[in-house]
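Have a look at the structure below, then the notes.
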Amino acid sequence: MTPISEPRDPDFRTRVTASFARQSFMATLGASLQLVEPGEVHIALPFAPHLSQQHGYLHAEATTAIADTASGYAALTLTPADAEVLSVEFKINLLLPASAPRFLARGRVIRPGRRLSVCLAEVVALHGAEEEVIASMLSTISIRPG
Amino acid sequence: MTPISEPRDPDFRTRVTASFARQSFMATLGASLQLVEPGEVHIALPFAPHLSQQHGYLHAEATTAIADTASGYAALTLTPADAEVLSVEFKINLLLPASAPRFLARGRVIRPGRRLSVCLAEVVALHGAEEEVIASMLSTISIRPG
Amino acid sequence: MTPISEPRDPDFRTRVTASFARQSFMATLGASLQLVEPGEVHIALPFAPHLSQQHGYLHAEATTAIADTASGYAALTLTPADAEVLSVEFKINLLLPASAPRFLARGRVIRPGRRLSVCLAEVVALHGAEEEVIASMLSTISIRPG
Amino acid sequence: MTPISEPRDPDFRTRVTASFARQSFMATLGASLQLVEPGEVHIALPFAPHLSQQHGYLHAEATTAIADTASGYAALTLTPADAEVLSVEFKINLLLPASAPRFLARGRVIRPGRRLSVCLAEVVALHGAEEEVIASMLSTISIRPG
């Protein structure tokens, strides 16, 4: 993917990685960072029984959590070094039951801004080399000076 | 609150409680059912360190999880006995940082339907007897015959 | 309704009314301001054939237009005198077919902010003295210094 | 764009065109169909003074109207011949002020279903050969047997 914008802080990867490591909730889920590029972040999540809903699939909120977090960090790759990001709001469509050994959320900035960035994310279910889009999210991220 | 509709299954409380107990992810969070009435369900969540985001507040997805789950079960209180509910999509606005010892999500059906129900939920932060609305969610729930 | 906040500009009604009058699109629809209170604005729309969709009902975007406009002006009632408002994003659930001689949108600020306000709106179909909620909207409004 | 699904009714273009022609509101706006392919529909809208908001730009609801209509008809290209489509809900992010002589909405089905289809749409502002994305929409469309 062509970067949609140049990063303003060359150390954006360090910043994103350090912030992700402070999110206890991501450790609770078992999620990990897979890619940190300007305007784009991927987060992987293996299925685990403690993440299931009443039918044994991945809970919609685990899907939502990796989509929103990938979006927020995608926005963070493009901010100045001392800025923070905060989700103002998001909307997610859950397209298919989340039944797979592994999931990947891809968050991308579609409109970078000084105060607000808008992101589009998808979550795919990975069955070996095959992937299937199971969720689509559109979100608004607030950029706060640090 | 006046019920917005009559339940079609007199055992709706048993159904909601049993389904909630099968959600491992709710146990992972530490969430519990507080109220199950026709068209309305409340879910409580005490703050805990394993639920935090990078600044130590409750992670947005923990807020989202109890709002969406309260909405889905609010819809389930009004379905026939053998039906299932599934979130089609939702949108949440995160209004304030989630900093409190305890949170409560209140989900309500604003439009019950045979195939789709629409719900409105709020999440409040509880500081003793004081409460503050920290999130608002609007969602669409699909009703599937069992 | 109890005002959720005090207006910072005592002339907020004049400001809202003047801005509404500059919206040619509201005149194209035939919409009119019905109430302008701190944090709450109502807009009425009589049904007319030029607003219909393919089945003869009010077009979803006419419903959307009065809900979003009522929300934006509800936010404007609480801003400083020289500020402008702009919809960042909104989500609407269309609950019932819009079939009535007259419609009313009620927009309310649920979270006033210096940079962003969050609003909740409903649109009701008016059949004489009876009303029926046909749409629910949750939106984010940006406040810009004038 | 590769069609995401095969149309079930070979006369889908005739159906979409006839339904669009019955929408008085599209004529009120001055919108026209530009492309009708399986799973994808484009609608064009020239700027006109009767569509403006208070600062003279295209009103957000005119942007919204062509995005939602393109999405609904994108869903209709993939339904059986006697089915109808209805927007259940949508969310739109308004990314930039809508200032251009001409606009184009592109609606695409990202998940076709028997009862519900999910669409993603963008609206671009056209300045001669240049285009700029000004809005992004994610929507849920209900498919009803005719």
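Letters are used for the chains, namely A, B, C and D, taken in the order the chains are written, and counting of residues starts over at 1 for each.
Quick note on the criterion: contacts are C-beta pairs under 8 Å (C-beta built on N, C-alpha and C of every residue); 3 or more make two chains touch, one makes a residue touch a chain.
These numbers were taken from a predicted model, which means no experiment stands behind them.
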>> Using C-alpha centres only, name the chain that sits farthest from chain B.
In response: D
>> For the interfaces B-D and C-D, which has the higher count of C-beta pairs in contact?
In response: C-D
>> So which of A-C, B-C or A-B matches A-D, with over half of the contact pairs the same residue numbers?
In response: B-C
> What whole-Å value do you get for the distance between chain C and chain D if each is reduced to the mean of its CA atoms?
Replying inline: 23
> Once you find the CA centre of chain B and the CA centre of chain C, what distance in Å lies between them?
Replying inline: 28
> Using mean CA coordinates as chain centres, what's the chain B-chain D distance in Å?
Replying inline: 33
>> Multi-chain contacts only, two chains or more: what residues does chain A have there?
In response: 88-89, 91, 93, 118, 138, 140
> Tell me, which parts of chain B touch chain D in their complex?
Replying inline: 88-89, 91, 115-116, 118, 138, 140, 142
>> Can you tell me which positions in chain D touch chain C when the two form their complex?
In response: 19-20, 22-25, 27-28, 49-55, 59-62, 64-65, 68-69, 84, 86-94
> Can you name the residues of chain A that touch chain D in the complex?
Replying inline: 91, 93, 95-96, 110-111, 118, 120, 133, 136-138, 140
